[in-house]
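Each of the next two complexes has subunit A plus one other chain: subunit B in the first, subunit C in the second.
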Partner chain A sequence: MSSPATLQVCRECGGGAPVDVHFCPQCSKILTLGRHGDYFAFLGLPRKLGIDAEDLEQRFRGLSRQFHPDYFYNATPAERRASLERSSYLNDAYRTLKQPMTRIEYLLQVEGLAPTSPQEASRQVPPALLEEVFALNEELDEIRDLRAGGAPPEIWKSRLERARGPIETKRVAHEAKLQELSARWDALVDSGASVGDRRAANEALEALRDRFLERNYITNLLAGIERELSQ
Partner chain B sequence: MSRVVGIDLGTTNSLVAYVKDGVPHVIRDRSGDGLVPSIVSVAEKGTIHVGREAQRRLLTDAERTVYSVKRFMGKGAEEVRGEARHLPFRISGDAGPGGVVRIGLGDREFTPPEISALILRELKHRAEAFFAAEGDIDPDVDRAVITVPAYFNDAQRTATRDAGRIAGLEVLRIINEPTAASLAYGLDKRHTGLIAVYDLGGGTFDISILRVEDGVFQVLSTNGDTHLGGDDIDVLLMDRVLQDVGADLGRPGTGAEQAPPLRTPEAVQEIRKAVIQTKWDLSELDEAEIRVGQYRKRITRSEFESMIRPLVDRTLAPCRQALADAGLAAAQVDEVVLVGGSTRIPLVRRAVAELFGRTPHSELNPDEVVALGAAVQADILISGSREMLLLDVTPLSLGIETMGGVMSKIIMRNSTIPATGSEMFTSGVDNQTAVDIHVLQGERELVGDNRSLARFKLRGIPPMPAGMPRVQVQFQIDANGILSVSARELRTEVEQTIEVKPSYGLTDEEVERMLLDSFEHAEADFEARLLIEARNEAETVIQATEKSLRAPAFSEIDKAELAPGEREKIESVLSGLKLVLNATDRETIQKWTTALNDATRHLAEVMMNRSVSAALSGKNVNEV
Partner chain C sequence: MAYSEKVIDHYENPRNVGSLPKDDVNVGTGLVGAPECGDVMKLQVKVNPATGVIDDAKFKTFGCGSAIASSSLATEWLKGKSVDEALAIKNTDIVNELSLPPVKIHCSVLAEDAIKAAIADYKKKQGTTMSAAEKAQPTVQTI
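Right, the complex of A and B next:
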C-alpha cells in the first residue's frame, strides 16, 4: 500500500490512484489534474536529460490521443475539464522537454536548483565570462561611436561580425560541456545515485546550473550583437 | 438527431459541408453552386439579402451592401480608418480606443459579427434545405465547426465565435483554415511526413507547417498576414483603371454636394467586377481585357505579374519564418498544398514552387478544401471517432504588460494548444487589494506594437503588507485558440475575481441581445421563410424594372435599341407578377419572377452599358 501522498483521488468514483496514471483504475474515467508528477513522470520518462527525440514524439502523440478535448466533446463537464487540464499539461511538458536547453532548465527547477527568476539569473555577469563581456562592451561602444560618426555600414558591420566570433565559439564550447554534464547526470540516475547520493547529485547539478547560466548569458550577448547588426 | 456541419467563413465566399459515410461533401444549391458570396445587402424596406442576390445588388444598391466583412472582425474602429478607401458602405465606430466597428447599411448599423452571422445563417438554411430535401426527419443544423485564418488573433477568433452564436449555432470548434485543408487533403492520401499548406485567400494569407504521422496532424508552426489577399490585387487593378480615366478611387463626397458620377459606388463596383474577371482570365490566358462599359484595356500576363509581384513577395517572409520556427529547411518539406482562390494565379504557384523547390499540389479544389476539412473535424467531435487528431498551435505569443511598457511573454507562439502559462503578481503598496493586468498578443518588444487583448482587474487580494501577496494568474488557451484567465492568491488560497473588458469585441450581454434581436429566432417555419424570400426576390425585380421604365433615357432606348413589342412584353409580365405577388404559392411567384427577369435581360444590359460608359466619361447618368 502506497502512502497517501503518492495518491490522487478520482472525482468520479472517489477511488484512489497513483499520481502518474491518467485514468482512474476503478472507473476508468479521465482524472482531473490534481496531484501530479513532474513533466518527466507525466510522460513516463526517467528524470534524465538524454531523451530520444522520436520516442518523445511517440509518447506525445500517444497521450494526445488519450486526452485531447476533441475526444471528450460529449463527456461530462468534469471529464471535459480534466481533458483540457491534462492536454495543456502534456503540451507544456512536451514543449519543455523537446529542447535540450529548456530540458536542463526544467530539471534544475524540479531538483530545486533554479534561480528564483530568469531576470535575476541574467542580470549579473557570470564570473567566468567577465573578461569576454568587458572586451565586447568596449568593442560595442567603439562601434556605436563609429556608426554615430557616419561610418559606412560595411565598416562597422564587419567589426561586429569579428566581435561575434569568440562569443560564438564560447557558446559552442558551453553547449558541448553541457552535453557532457548531462551525460554525467544521466549516469547518476542510472546508478541510483541521483537519489541515493545527494552530494554527488548536487555536485553534478550545480555544475550543470553554472554552465547553463553562462550559456544563457552568452546567447543574450549574441542576441545583442544581432540587434546591433540589424540597425 | 440534428445535424452538424463544417463552415468555411471566407472573405470572398463561404461554404458549408457535411460528412456522409466518412466522406466530406460540399452542400450545393440546385444549380450546383457551392459558393455563397460573403456579401450582405439590406434593401430599403429592411429585407436582408445574402450571397448571390446581395452580390447583384452591389451593382444597383452598393451603399446598402457590404462585402469582405471578415477584414473587420475583431478590429477596433480606429484600426480600420484607412480601410474605407474603396468600400461602398459606411464604416463608423464607437469613439476612443477599443471602440467596436460599426457598418452602416441604409439606416441600420451592424457590427462585423452580426454581418458574419447573417452569412452563417444563410449557410445554415442552405444546409437545412438540403437535409430536408434528402428526407431527413430532423434537418435542423444547430452545431458547426467554423474555420478562421491560422494567423487570426484572440479578438478575431472570439468575434467569429460570437457570430456563430448570433446565428443560432453552437460553435463546436474554431479551427484554422490551413489545418482544416490538411485534414481534407490527408484524408484520401494517407500520407505521412512534413506538409506545408500555403493558403492565399480573398483577404488573408496563412502558411502552416505540419507533421502528419499515425493519423495525428500536428502543426509545427504557423505564420501569415491577416491583411493580404486577392482583394489587394483587385484594388491594384481598380486603381489602374481609374488612373486611366483620370480620377482616384474613393468614397463619394460626404458633404451636401453631389458626388461626381465616376465615384458613384455602383460605378466603382462595376469596375471591381470587371477587373476580377480580368484577373481570373489572366490565370488562363497570356493576355486579357478589362471591359467596363465602353472602356477597354488590354493587359498582358507579364504586366499583371509585375504589378502583383510585391504582393506575392510579401507571402515569402512568413513562409521562411514558419520554416525557421519549425526548425526545418525548405527542402525537408515533403509536400506543399495550395489553398485559397488566389493560388490559381500562375505567379503565386511559381513563387511557391521556387521557395520549396517542388511543385505544389493543386488537385483539390482550393475553394472547397477548407470547408471539407471543417466538416471532417465536426464529424470527429460528434462521432467520437479516434482515427484522426488535429493538434494545432497558437499563432502569436501571449503576454502581459510589465514595467516600462514592455511586453513579457507567457505563452510563446507556435505552442501546441491547449496551452497554459502563469505569472506571479504582488502588491506595490500596503493593503492593496486590486491589481491591473493588461494582456497582449504579438511578437514585438513594446506594448504599443502588440495587439491589446483585454484589461483585467484582479480584485479581492487579502490586505497584506506590500510585496507579500503571491497572486498566481493562470492563462489558458483552449483548443479554439481562445484565451481565458483565472487567478489565485497562494498564501490564502483565495480565488480572485476577474473583470474582463475585451479591448475590441462584444460583451456576453451584447451577444445575447443580438441573438434575441435576430429575426431568425422567432421564425420556425422553414417554408414560410422560403415564401418570404421568393416575395422579396420578386419585389426586387419589380422595383428594378419599374425604375428602368421610368428612367429619362428609357423612351430613347425603347426607340433605338428595343425590339418591336419588347416593351409591351415587359409591361405585361410585370403586371402579371404584381398580381401573383401576394399568393401563398411560392412556385407561382418564382415562375413569374423568372419570366420578368428573362423579359428584361436585354433592357438591363443596354441600361447598364449606358450608365457605366456615362460614368467613365464623366457625365451624370441622368444626362444620358
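Right, the complex of A and C next:
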C-alpha cells in the first residue's frame, strides 16, 4: 500500500496545508477538494469502527454549516466550487460512516482489503455456511409450496418459526463476532499497531472481512422468512 | 433493468432443476455463493463411467433471475460434454448467450464457478475411491 498523502496546497495563496483541514491555515480560504484523506480523516476521526453516533452527527452538522454554499454566494468561482465539493463529499462521508455495516465495508476498502473479484469473495465464505444457507432456503421453499397447496396456517407457521430459530441465533452470533473483531481493530488503532504492525493489522482486517462477507446470506434468509410470516 | 428474453425463458421454464444423489461416486456437486447479493447455487453433474461423458446435470439456485438463468443454461450445455470440455465453458459464453448486462456478470461468474466446483468434487471422489481401494489391501493382509 502506498503511504497516504499528508499535504495539500491552497490554490488561493499557494501555501501548504495538512490533508485533513478544510480551510487554508494561511489565507483562511476554503480549500479545493483535490488531495484529501479518507472519510474518517475528513470528519476528524481516527480510523476506528467504534463511532459515537451523536459525536458523528455533531461533526457533520458543524462542517455542513462551514461548507454551506450560501456562505460562498459572493465568493470566487473556485471557492464556490470548493464549497460544493466539500459539502457533497461530507454527505457521502456521513452517510457511509453512520451505518455500522457500510462503515466496515468502507474501512476494508481504504485498508485495501476489499475482495478484488467475485470469485475471490466467493471463496472466502466458509462452505459450511453455504450448506446451511442452502438447506434453509430449501426448507423455506417447501414451506411456500405447502402454503400454496392450502395447508392450514398452524402447520406452515410453526415450520417457519422453527426455520427462523437457527438463523436468528446465527445472526446474533454473527453480529457479536463482528463487534468483537471491530473492537480488536480499534485496539490496534489505539496502540498504533494498525500502522506500525501491518501483519497484525492485516490479520484483524482479514478476519473482519471474512465475517463481513457472510452477512448477506443471513440477512436475505431472515428477510425471506419475515416476508412469509407477514403475508 | 430489463431482462433479455432468454433470461426470462430460463427463469420461467428452468431446465434441469433438482438434485442428483450426492454420495454417488460418479456425481460431482458444486455449491457456490455470491456474498455481495447472498445468492447460493448448487450444480451437479453425473459422469458416465464408461464414456467419461456428462450424462446428466441438475441445479438449484436461490437468487435473482440472472443467477437462475445462468445455472439453467449451464446444465443444458454440460450434458453430452466430457469433463475437460465442461471446464472450458467460460462465464463470458453465458454472458453472450443470455445478453447479461454488466451488473449481472457476477451471476455468470457464479455459474462458471459452480461448474468448476462440481467437476473438482467429481475428480476428488474418483481420486479417493482409488486410494481407498489401494489402502484396503494391506489391511486385508494383516488380518
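Heads up, the rule we're going with is that the second predicted complex is superposed on the first by the 190 of 231 C-alpha atoms of A that agree within 3 Å, B and C clash if a C-alpha of one lies under 4 Å from a C-alpha of the other, contacts with A are read in each partner's own complex, and residues count from 1 in each chain.
Methods note: contacts are C-beta pairs under 8 Å (C-beta built on N, C-alpha and C of every residue); 3 or more make two chains touch, one makes a residue touch a chain.
Model, not experiment: these values are computed from the prediction.
J.: I'd like to know which partner A:187 touches here: subunit B for first, subunit C for second, both or neither.
T.: Touch partners of A:187: none, neither subunit B nor subunit C.
J.: State whether A:41 touches subunit B only (first), subunit C only (second), both chains, or neither.
T.: neither
J.: Could you look at A:217 and tell me whether it touches subunit B, subunit C, both or neither (first, second, both, neither)?
T.: Touch status of A:217: second partner only.
J.: Thinking of the overlay built on chain A, is A:92 touched by subunit B (first), by subunit C (second), by both, or by neither?
T.: first
J.: According to the stated criteria, A:65 is in contact with first (subunit B), second (subunit C), both, or neither; which is it?
T.: After superposing on A, A:65 lies in contact with subunit B but is clear of subunit C.
J.: Pick one for A:127: touches subunit B only (first), subunit C only (second), both, or neither.
T.: In the superposition, A:127 touches subunit C alone.
J.: In the superposed arrangement, does subunit B or subunit C reach more residues of subunit A?
T.: Partner with more touched residues of subunit A: C.
J.: Where does A:113 make contact in the superposed view: on subunit B (first), on subunit C (second), on both, or on neither?
T.: neither
J.: Kindly list the residues of subunit A that each of subunit B and subunit C touches, one partner per complex.
T.: none
J.: Quick one: which bits of subunit A touch subunit C in the complex? Just the residue numbers, please.
T.: Spelled out, the residues of subunit A in touch with subunit C are 115, 117-119, 121-122, 124-125, 127, 130-131, 133-134, 137-138, 141, 213-214, 216-217, 219-221.
J.: Going by the contact rule set out above, which residues of subunit C touch subunit A in the complex?
T.: Those residues of subunit C that touch subunit A are 31-38, 40, 42, 60, 62, 106, 109-110, 113.
J.: Show which residues of subunit B lie in contact with subunit A when the two form their complex.
T.: For subunit B paired with subunit A, touching residues are 172-173, 213-214, 216, 218, 377, 380-382, 384, 386, 389-391, 415-420, 476, 478-479.
J.: Contact residues on subunit A for subunit B in the complex?
T.: Those residues of subunit A that touch subunit B are 57, 61, 64-65, 68-71, 73-74, 84, 87-89, 91-92, 94-95.
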